[in-house]
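One structure, pasted below without further comment.
By written order: A, B, C and D. Residues from 1 in each chain.
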Amino acid sequence: MSVPGKPVFLVIGAGAGIGANCAVRFAAGGYHSVMARRSDKEGLQRWIDHIEDAGGSATGTLMNAAEDGSIEALVEQTEAEIGPIECALYNLGAQIGDRRLEDTPHKTFELGWRLGTYGLFRLAKVLMPKMQERGKGTLLVTSATSAMRGNAGQHSHAAAMGGRRMLCQSLNAQYAPLGIHVAHILIDGPVDAPDTLGKILADKYAEYKSTRGPDGMMDPAALADTYYHVAHQPKNAWTHELDLRPYNDRAWWNH
Amino acid sequence: MSVPGKPVFLVIGAGAGIGANCAVRFAAGGYHSVMARRSDKEGLQRWIDHIEDAGGSATGTLMNAAEDGSIEALVEQTEAEIGPIECALYNLGAQIGDRRLEDTPHKTFELGWRLGTYGLFRLAKVLMPKMQERGKGTLLVTSATSAMRGNAGQHSHAAAMGGRRMLCQSLNAQYAPLGIHVAHILIDGPVDAPDTLGKILADKYAEYKSTRGPDGMMDPAALADTYYHVAHQPKNAWTHELDLRPYNDRAWWNH
Amino acid sequence: MSVPGKPVFLVIGAGAGIGANCAVRFAAGGYHSVMARRSDKEGLQRWIDHIEDAGGSATGTLMNAAEDGSIEALVEQTEAEIGPIECALYNLGAQIGDRRLEDTPHKTFELGWRLGTYGLFRLAKVLMPKMQERGKGTLLVTSATSAMRGNAGQHSHAAAMGGRRMLCQSLNAQYAPLGIHVAHILIDGPVDAPDTLGKILADKYAEYKSTRGPDGMMDPAALADTYYHVAHQPKNAWTHELDLRPYNDRAWWNH
Amino acid sequence: MSVPGKPVFLVIGAGAGIGANCAVRFAAGGYHSVMARRSDKEGLQRWIDHIEDAGGSATGTLMNAAEDGSIEALVEQTEAEIGPIECALYNLGAQIGDRRLEDTPHKTFELGWRLGTYGLFRLAKVLMPKMQERGKGTLLVTSATSAMRGNAGQHSHAAAMGGRRMLCQSLNAQYAPLGIHVAHILIDGPVDAPDTLGKILADKYAEYKSTRGPDGMMDPAALADTYYHVAHQPKNAWTHELDLRPYNDRAWWNH
């Protein structure tokens, strides 16, 4: 249930990593967090309980973002039933692991674009006019190394994220002068996120974590602090792009 | 008709600008040029005649590149009936003019991706294995300013071209070590091309040209010389990315 | 006077803009701020008084950073007399206004490098080994649009800032894995700073400010909040580069 | 001796790699090549003989480019005694091998800047006004991976090359609209050059070359062909930046 008067924070891609931790962080900062994710209703409820136990407010829903109309309905419903979205986070990933071209089917490449680029466009189409009418709002976008460079096994992911980054710049160019803050947040290293990296690596996740050493994977709660900071910069000093990585990880441009 | 023994140059997007002029240039250099374009069979034939009058050889076909299977069939047919493709040029644009988000329908954004990003992926899927088997080949990709930065009216174009650029880097990372040259050619200024800019500006094209002054628009024949040069760099000295603009135009990063 | 046990924050370039405001912000966060600037002892003292009035602690000194040995002596003296430097901010500008090549004397170009690039190298040479021994520390570096692109009137400034940015990346590559956070902070818009932009524009400063409109110039106190946030990211989630600009200003890549 | 009527090509940094091979290539294209290098008068003479044996014309001189006035005198003397410089190549390197910060003395860092950045500025100061008066001319600048990213052992080199790249962009912004072509040529891989890489690797050069395999190092004669191509692009289609690397080398952004 929402709490009247609270600003609304909407997360699309509220898995147990950056998405859910941002919901927690924004709720702690006085927002009502609306969490949408693909699956795992119980997991979602645990995060809501966690937020409410801490005195915050949150609601959540399952949603297939790749499906036409889903994001649109979520935004409309949130605005109608909960309140105006002050800040939205587009946090859907499109990583499919290391895949050479021959291992990247056409459908996979298209799905990469649907989640990586097109979903953000769809969100912007429905949300930006509302924020424009209010003359304010924030759109945070989680992005990835592949937005900056293509690699041999990243045909689908890099194309999707390269599109995402250029779309963020376009949105920023149109909407920043209207008072809407768009930020492209470059996650350039491994996040300690059971719902994404944990699922990709499966059994090997624990082993992988141990090889990274202490502080060798990004704590999504730490990332959420930076997301929150960026969302609260005054409009005379906005960040559009920043990178984040663990201290012992190479930057994308180094090797 | 093809000429036995000639290497084959395939152009996807052989309009009366870069595409057709590259067909002319490669034919002059001893290639058989295969030209595919969306429409205007007569225009296409004039270019073929022009090439043959100059002693070269070329064939052409109309094709809707956005249609699934079209690019794939063209490549298969070319390889079967004409010969192995030594060099391919992906020259499809996805520019729709200056359009704010509210003027960019979902279908338009998707079509931008189909022509801007996905078509290149489809070409690579069918062509790269053949080139890999031969241990050589060249894939030239025409790109645009929007691959480097998003602007307020470029949501669709920038997302498509940003994806294109990252895909080119991914293809290069996988295939360059196998002897296949992938080049991302950044057209960062206006091309004197009646089939693209000419159609976008329509009546105002002549006026626009005059405001640019002499040498103020890129001559597609001059661009074709640079495409040809890049395609013939020895494998110890390959260019992956280069920019091109008229002397009196600002680079994309300046303002 | 310093306060025992407080971490030390050293600002090189503590003018009445980003530098002094960071001194204020870090002092509010529990640091002892050491402020070094070129001139205006009274102005410097007013900032120290301001910090102390708010219950913080700070000291300051005048210094010509372009002079060999000056930065080195400041670091040694600070470490010996006040305490280990936890965080340093290199905030020297090298902007000389819009100057064509013919209006850029050799000495000016060299001074640009001395302040823009070489001073940071000198600071790193004396400070990094100390931080390395302690296994921690933060080096914040203020940078400018000219680090990302050269413009017609920016020969000196762009060369200096381009060098600064690449030096920051080199320092980050060597020292981040040793636990030292290096951040390159891209100030991509006008700062409301009487000591720099105010002096460059002189009489026209008030007029310029009014044309920018409300929130049209960056409030250095707001910037200081972001500097402080970056300096306090946990080591699993460090930002190396971020940009900052007013909402109504174009990003460096747009035009 | 010069030949009346020939355009003049001036190389600063005419060692037995890119510099000398460009002298050969431009001489073959009808230029009189003027070659300046630091040392090895006999080696220089052999290149001149080689050019003359092929029916071309060239002259050469030893010069310490780091010395104030040297580049300036060379340009003045060339213009006075040989003819107007149609094309100049700034080919001085500033690579000092892999050096951590502690192994990079202040003098080394400064020398890196003197050769890497300042020498180009000095050349531009004396040459650009002459080219501007003639309304034409070309300035080619050899650059390096370090212009694009800093690495742990590249403090000096990256700072110097980062400055060089931004200076090239500034020169381009001012002079391209006046008809002067400035190109920043990114050498992103090993060149088979006995005077530079050969000297850095010394005894291990032969072994290194063998590990690279055939076509694994850039042939400077091949690079010279691309330099020549860029210098002869018509002014409606100029390249400002391009990269070059062997087919089996990773691009600077990949790892």
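Rule of thumb we're sticking to: contacts are C-beta pairs under 8 Å (C-beta built on N, C-alpha and C of every residue); 3 or more make two chains touch, one makes a residue touch a chain.
Please read these numbers as outputs of a predicted model, since none were measured by experiment.
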item: Furthest chain, CA centroid comparison against chain C; value: B
item: Interface sides of chain B and chain D: same vs different residues, half threshold; value: same
item: Pair joined by the larger number of C-beta contacts - B-C, A-C; value: A-C
item: Chain centre separation (chain C, chain D; CA means) in Å; value: 34
item: Chain centre separation (chain A, chain C; CA means) in Å; value: 31
item: Length of the line joining the C-alpha centres of chain B and chain C, rounded to whole Å; value: 45
item: Numbers and ranges of chain B residues touching at least 2 other chains; value: 149, 151-152, 169, 172-173, 250-251, 253-254
item: List of chain B residues in touch with chain C within their complex; value: 148-149, 151-152, 250-255
item: Touch list for chain B against partner chain A, complex; value: 100-102, 104, 106, 109-110, 113, 117-118, 121-122, 124-125, 128-129, 146-147, 149-155, 158-174
item: Chain D residues within the chain B interface of the complex; value: 169, 172-173, 176-177, 179, 181, 215-219, 222-223, 225-226, 229, 233-248, 250-251, 253-254
